[in-house]
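Consider the two complexes below, in which chain A is the common component and chain B and chain C are the respective partners.
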Partner chain A sequence: MTPSQTIAAPPPDKIKVKVDGREVEVPRTVPDPITGKPIPTTMIQACAAANVDVPHYCYHPKLPVAGNCRMCLVEFGTPALGPDRRLVMNPDGTPKMAKSPRPAIACATPISPGMEIYTSTPAVKQMREGVLEFLLINHPLDCPICDEAGECKLQEYSVEYGKAESRFIEPKVHKPKAVDLGPRIVLDDERCILCTRCIRFTRDIAGDDALGIVNRGSYSTLTAYPGRQFDNNYTLNTVDICPVGALTSKDFRFQMRVWFLKETRSICTSCATGCNITVGSREGRIYRYEPRENDAVNACWMCDYGRLNYKWIHREDRLTQVQSPKSRVQGRPATWAGALAEISELLARAPQGSVAIIASARQTNEELYLLKKLADKLGAATDSIPRSGEGDRLLLNADRNPNAQGARLTGICSADMGGRIAEMARAIEKGAVRTLVVFGEDVVKHGLGAGLLGKLETLIVSDILPNETTKLAHYLLPGCAHVEKRGTFTNAKGRVQKFMKAIEPRGDARPEWEFLHELVSRVTGQQGDANLEGLFNRMAKEVPAFNGLAWAGLGNTGVTVSL
Partner chain B sequence: MIVKRKKLNLWERLYLPAMIGGFKVTLRHFFKKKVTLQYPEEKWVVPEGYRGAPYLVRDQDGNTKCVSCQLCEFVCPPKAIRIMPPGPAGPVADRPNAEKIPLEFEINMLRCIFCGFCQEVCPEEAIFLMSDYSLTGRSRQEMIYDKEKLLALGGEHAGIQKWKKKAEEAGAQESFPVKI
Partner chain C sequence: MPSEFRLILKYADEPGYTPGMECYLRHGGYEALRKGLALQPKSLPDGKTQTGPEQIRDEVMKSGLRGRGGAGFSAGLKWSFVDRKSGKPIYLICNADESEPGTFKDRQILHKDPHQLVEGMILSCFANDVHLAYIYIRGEMPQGARLLNQALAEARAKGFLGRNILGSGYDLEIHVHRGAGAYICGEETGLIESLEGKRPYPRIKPPYFPAVLGLYMCPTIVNNVETLCVVKHVVAMGGSEYARLGTPNNTGTRIVSISGHVKKPGYYEIEVGKVTIGQLIGDPAFGGGLRDGRKLKAVIPGGSSAKVFKAGERFKLKRKGPDGKDAEKEVEMLDLPYDFDSLIAAGSMSGSGAIIVLDDSTDIVEVLANISEFYAHESCGQCTPCREGSLWMSKALHRLTHGEGRKQDADYLVKIADNIPGGRTICAFGEACSWPVQSFVAKFRDEFVARGLADEAGRAGRARAAGSTPEMKLAAGPESVCV
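So, the complex of A and B:
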């Protein structure tokens, strides 16, 4: 994903340039976003380093430069050279500037030593206004029905550089609307400003040259290759990078206006890559996942498979009630306090080795750590269930568990995940294991059949959705989806990343780490940490692989630990 | 501070002249035009531009004007407006080119403060504060007006039909250079 890391870093050669009178030092070259080879630093990057915002549509830091929207036009000057090829000096000792007679596009013009970039001159403002007026000539101005409204660059720059009224009196060119590009994308060609970001993304990043522009002049139209569907696993990223509302997601189409969405930093749980995401939610409902930039993991992208894998959170049959053997007889839900007291008493009385624990690699590091602690106290065998699918060269990992490394590092399972299940089955068969604790896995499907589970004295299950195992459980503890709690995952490369809570849990469901903390405290008799920060910091002390980490030190993009 | 009470003069101490003066005012009003309204038998004529209850309107072709942009929901200070957008599989807009129409549109008239922000912010001229000022209901639920009720109460509001105009303009255009 970040080839720049594999290829040798560019020489630490720095150039000093001035942006609007402020001097900044920027590297002479930067890695090419695709190949990683050093390429000259451009003016727009120097402006970004100086915290000066240059409006742009077609430029994207992670894509090759196209330079076609002309929105980033700026004026600049270079130090003047005399006939002797030496710098001409002003009377006050500063180098005399030779201002370029013509403007240049900041996204594609390399910087040179001593260059001065002017982004706030009246001429630059006029150029931006002119470019914007041209872009709006054939734009349908249908913001009220456009899904991009609220996060649209055309809207934003129109506020800054647009005119209140159009000078264009001729009829607009009407292009195709609501074009079905593929299984997940709808295209509105009228809104397209032909920046070609989507074309470059799908060609250079996704490696699927599916999109292109046909026709000429004001009839130029974005389209998929004739007879082909735009259906690779990364199509929805084009919706994110589309600066206007031309490419829209079928899943999010007409669902909610973006300004209502609460944005929560989270992690995608669909595979071991652990893409950083932003969860958009409103009033307890998840509306969308969007990738969040993290150059160490997913850059700006995520796959469609992970992005659309959130609907199960709102399934009607979510587990929302605590159940215990007593409550089943009485026909009403048990209370957390009652169920936890019974379970902890039961576990405390259990002879060493008579308990087995199956955790899920979809649980957080903290939860796995607590389960391991419980297992150590009870002399219990632990394992987890592997989950795999087809991976790709980009982001999708073949390991579909979001926290497989966490399960290994906390000692829940060995490198061979699921290797001890058969052994556990034999122990249950023999009667050596009489209590089984299952978290978030349908073990009936994974080698511990219903007949085998029937031999147990006690089956304690925590899950989010009902399955064959939850039906057999004596104690059923409803858990939370990751968007309903906080925690950390360790991705395939060992990056420990935290995620925050977006919505409230359903019904009586509680975050697993919360009730596991209570359970562990009661069984071991040690008072643990009742807050997640403390729990994480304690885990970082006790689990060797996480030594030196702290919740506060994880930041928004995580920290890599050695595996 | 102590204010000295002013001593009344003879005329003031007589008391009757002041009484007669008062009666005169009363008597004058007996013969003037009466201003009291016998509400609710008699109803007040609502002046033009009065800001009463907000209702949804239809255009001159009888189509729903609202496109579910949710700006009124956003701007509403007491959060009286709730809109359910149609989603990808929702109802198709009445007007072929408008694409979007609310699945449900509710105004809680108990919450509404008749401020008129919704009318001001509406890009489609689909919601107007009308002349109704006395809204009653027998339950809280009854005071939440749904889309059907709001459209029925709002009636028709003619005006520029921009979506229709766009559709006509697109139809009049020579066939697009290359069929995609």
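So, the complex of A and C:
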């Protein structure tokens, strides 16, 4: 390096530092994870920029810094200043370093220009070994029966940075095991390494100061506030961020070894926020949802309600057979080919305006787009059904449909979703609408009662689970849970996000976009796209709001469109 | 002849001296306050003007006053770090948590002369534009808290506190806050957390330097009781005059608590550095010597966390010779001047000014076990090395003092202790709990090894008698439940 390089000042908003000899330029400040205000960049962030991993337990990029585990201790130096307050230079023209006599925690120590961070010196290794030894002395070492095994940072770092044997021969401190912390969480205090991540999450992110530590020193014990349950809509995030197996989910514990789980990138469908998730499945079964980081949507979190809303996928009464009027009479299932041929013929013959379509805002953008195409061809009125609950200030949206914006942007409904249902009911009543297509909604509950539906000539229904409407259907087309197919949703803020398939559909069920594509092709006579990428890209061309998007360009975290 | 020099405790032990306002006023009380508040802006040679508060800060800097709480940090410098541009209020906290074993000096002031502290605090607050201050007093001193509250009420009644103090336009309120019995509440950032109503978990520095992000995330000054009392005298006599007391860089007077195996344990105020450790132990004016027939074994010179000195230890100290040049001089432990710098140079510290004297009747292993049990009990438990290490050491020492030792326990202890201090922990408690272990084992290694060997032999003997192999029983440790 030439002296001019070392003296050349980086842009004012950047700082140059060296991590283990490698120079990196990093922003001077980063946003505070809670307030968003700029705060000084720390060593651990500079190390990450240099692709150097600093082992850590208590640090979490989305939480306030605690600095208590001491795993991230590093050595460092800063440019030496002479009595004239100017840099002292080495003979080779580089600035002379004044090495700090004391180590620093990388997670809390701000960087300064010209700083050198040393993460793998003998002293640093020795300090890490020391911390790991301390963390393990009172640990129960029950990895074989621990749910965290395979995801445990204590296991991982012990292998990577620890020493094989412990010198500890004293009796261990015993603490409460299997503590019922709240309706969804069990705590093993002996495994807890007191990193306070869970405390900070629930206090600073969830806004519920429910957890804390009682007793002192080595007897310190994590607990819920005395007399209180740890019960808010975000408790299960603490299980994700607990670096060890101290906090476990009642839903998931002992269900499955994590290394057997297949992980699939997906989206939560329980509200309009569209939290990014990872679906854990094995052999056609969903075992858990976990949040997947997306700073534009959910950071690293998701709500308990959405996380646990997957059980219905494995309900025994899932719709798995295609039904048609003929098959109902014959008492055996219809075939997809037969049913789709009959339906397309029927729709192709239907007079303009005699068909109405009620889609679901739980369907994907592609499916809604196809239904809208169908509607345009048939001169059919369309709408969908709003679904709402109580929202909160963190993630949960009052709009419980995952794709309400998609329904609006594709033109399935107006801003006032469901506003046309009453009119449809009148048209059915009058006999103007004689064929109704319903996707994924129990319209009997939403203004189209059984008597009214009885007036229709044809009721075509696609759904996943049985309900009053599916019972009345002439044609019943079994559809897929989103984990059984691919597609995109548009969240409340207009973020178009894709999800991938985790498991196979049940029985004869097929992804709705697949059979809708066939139906639309037959009714319109236009050959569409039989693959999802092509379908999405075509939709992006045709639907103004999605112009410019491409399936490949959505990445893993989506793209925001203007609403 | 060395003798006490009483400045802070000048009147405290006079017969008839009471902690009330009237008595204090009769002894010239609050005159320094009148003087401080009346200071007029002064123009400096460089054309700038210095306000009254700035002049007081300047005098404190000139006085060379070093904190009497433990670290001996320059009070003037600490005040100069205060962020005065933040637009937030500045707080001042008096640290009256006095909990370091062996230390009982602040309570003399609190119990016998609380108005001196109040006057010192008002001046310190005035000097630093503080309008709200707290006295954090340890829970075990209910009488001190009562007396302080009484003193504050009297000061309010006299117009020394509250709005427009003595017509100066300056407002100040002081509140007393009682701790609930935790040593760590004496650590300034743990204290601040406690004052905010939280667990006293010391804060990480950076970013939470009290001078910038202290109480309620506002700039905050934390000073010890004795330190704040000194400010009154600095204002009264002037910084330079105060600096003539004591020795260079170790100015003023200091109250030393002497405990242990001396004839006259107690508190003695001395000019810093003008009296040696040997004099403090042996002179009739101070400790009055060891009990008859006893020999000195060890001295813990600055509260229980300070590294121990062994009788007869010699140190090479750098000293400025008469020619102004640094010269190395060998000094026997007892000849060390009792000041900040000499004790640091000798590898320990004067800490809270508490000298614990141990004679040859002492079982040094028991002493360390006792000290370690205290620290294991008082570790706040926030950071890994101190939380786990403090109890580990205590358990090992418990074993070693209950017949279950091993010859390798000396090394075992030092290896544990070595992983705690030196910046590995959030606060200096890490040092406080590991320094005793490191120094006791280093200096009295033979006794630790001998104890382990004796235990091993004892177990082997018992096993032979019973016809089995020797086995160690691991007791549950010094305590298994902690509140």
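Simple rule for what comes next: the second predicted complex is superposed on the first by the 551 of 563 C-alpha atoms of A that agree within 3 Å, B and C clash if a C-alpha of one lies under 4 Å from a C-alpha of the other, contacts with A are read in each partner's own complex, and residues count from 1 in each chain.
As a convention for this text, contacts are C-beta pairs under 8 Å (C-beta built on N, C-alpha and C of every residue); 3 or more make two chains touch, one makes a residue touch a chain.
On a predicted model such as this, the values are computed, not experimentally measured, just so you know.
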Report for A:N215: first if it touches chain B alone, second if chain C alone, otherwise both or neither. both
Chain B versus chain C as contact partner of A:M256, first or second or both or neither: first
Answer with first, second, both or neither: which of chain B and chain C does A:G77 touch in the superposed model? neither
Contacts for A:E170 in the overlay, against chain B (first) and chain C (second): which applies, first, second, both or neither? second
Looking at A:P325, would you say it contacts chain B, chain C, both, or neither? Reply first, second, both or neither. neither
Scan A:P144 for contacts with chain B and chain C and give back first, second, both or neither. first
Just checking: does A:G36 make contact with chain B only, chain C only, both, or neither of them? Give me first, second, both or neither. neither
Looking at A:T223, would you say it contacts chain B, chain C, both, or neither? Reply first, second, both or neither. first
Between chain B and chain C, which makes contact with more of the residues in chain A? C
Of the two partner chains, chain B (first) and chain C (second), which one does A:V131 touch, if any: first, second, both, or neither? second
Overlapping contact positions on chain A, where the chain C interface meets the chain B interface: 171, 173-174, 215-216, 219
Provide the residue numbers of chain C that touch chain A in the complex, in ascending order. 182, 199, 204, 206-207, 376-385, 387-392, 395-396, 399, 412, 415-416, 419, 422-426, 472, 474-477, 480-483
For a test of understanding, state which residues of chain A touch chain C in their complex under the given definition. 39-40, 65-71, 73, 102-105, 108-110, 127, 130-131, 133-135, 137-138, 167-171, 173-174, 193-194, 212-213, 215-220
Chain A-facing residues of chain B, complex: 67-71, 74, 85-88, 90, 97-100, 123-124, 166, 169-170, 172-173, 176-178, 180
List of chain A residues in touch with chain B within their complex: 140, 143-145, 149, 171-179, 214-216, 219, 221, 223, 226, 250-251, 253-257, 259-260
